[in-house]
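Read from first to last, the chains carry the letters A, B and C; within each, the first residue is number 1.
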Amino acid sequence: MLYPATKVTLIAEHFLVERVCALIEACGGHGYTLTPVGGKGLHHLHATSDRATLVEGFDHQQVEVITTDRAKAERIAERALKELFTNHSGVVYLESIEVCRRERF
Amino acid sequence: MLYPATKVTLIAEHFLVERVCALIEACGGHGYTLTPVGGKGLHHLHATSDRATLVEGFDHQQVEVITTDRAKAERIAERALKELFTNHSGVVYLESIEVCRRERF
Amino acid sequence: MLYPATKVTLIAEHFLVERVCALIEACGGHGYTLTPVGGKGLHHLHATSDRATLVEGFDHQQVEVITTDRAKAERIAERALKELFTNHSGVVYLESIEVCRRERF
């Protein structure tokens, strides 16, 4: 009923999100979830010390993709870092989770 | 100070969210957190290839419930799949976490 | 390429978020991600049974901070509970994750 899987979380500026999604699909990801987020320390390009502004502005999106294939998860993270986040800000991390309906991931 | 717990994440279309919350309460869940999300591959009913639209539209909600009772977490996931997500789209997964203030979960 | 890290999640009412962020920085956190959330059972002060309202209103924010220093993660959680959430509602939990680009956390 429950199967081990890996969730890859990628946080990117809005203008990069389409490319993040395209990369996930190119790596064989079967879907993703998008959440509007903001924060501090996400970007090195235009860091700001105005905490109030950051609290208000959700200028990034969090993209989450789940896969039961650990190698695929690592490939998505690795390619995102190399192809998208070298010149742009972004955060990438992996979490171990358990999914139902294994065939969907 | 820190206690092992399980977080159940359920992603559902807006119209289903009230039923997801009612099911959590019926299973003895003590609360939940709601986040607006969008995505691709969340629904099999009206899948679209228009990535731009998906990036803009947060038409789903992510419902997270935390419990220190692993069996309760599995029951919520199992019932949601059987009672809500058989005919509707949705994603369900479990994560192992550590909570403070055990008595609140 | 991938390094073990800890993600601390803190959910607080809007008016507390700036103090949560200041506390993270005071503990040496290098950044954080903010997500608008709502829910039930988040606050003991003004609990409501109106589920529909809760589904609509994202009156809390989720603050996530990642660190490769487990002790720092615990210190953030402990201080938030003692200094911010004793008199105010809030949820705090830790997750084990894996990060790329270790030097950024």
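Here is the rule we go by: a residue touches a chain if its C-beta (ideal position, glycine included) is under 8 Å from a C-beta of that chain, and two chains touch if they have at least 3 such contacts.
Since we're looking at a predicted model, the values are computed, not measured.
Chain contacts in this assembly form a complete graph, since each chain touches every other chain. Note on chain A versus chain B: their Cα superposition corresponds to a rotation of 120 degrees, in steps of 5.
Averaging C-alpha coordinates per chain places the centre of chain B 19 Å away from that of chain C.
Along chain B, residues 35-36, 95-96 each make contact with two or more other chains. Across the complex, chain B is touched by residues 1-2, 5, 7, 14, 17-18, 21-22, 30-36, 61, 66, 95-101, 104 of chain A. Those residues of chain A that touch chain C in the shared complex are 11, 35-42, 51-52, 54-55, 58, 60, 62, 74, 77-78, 81, 91-96.
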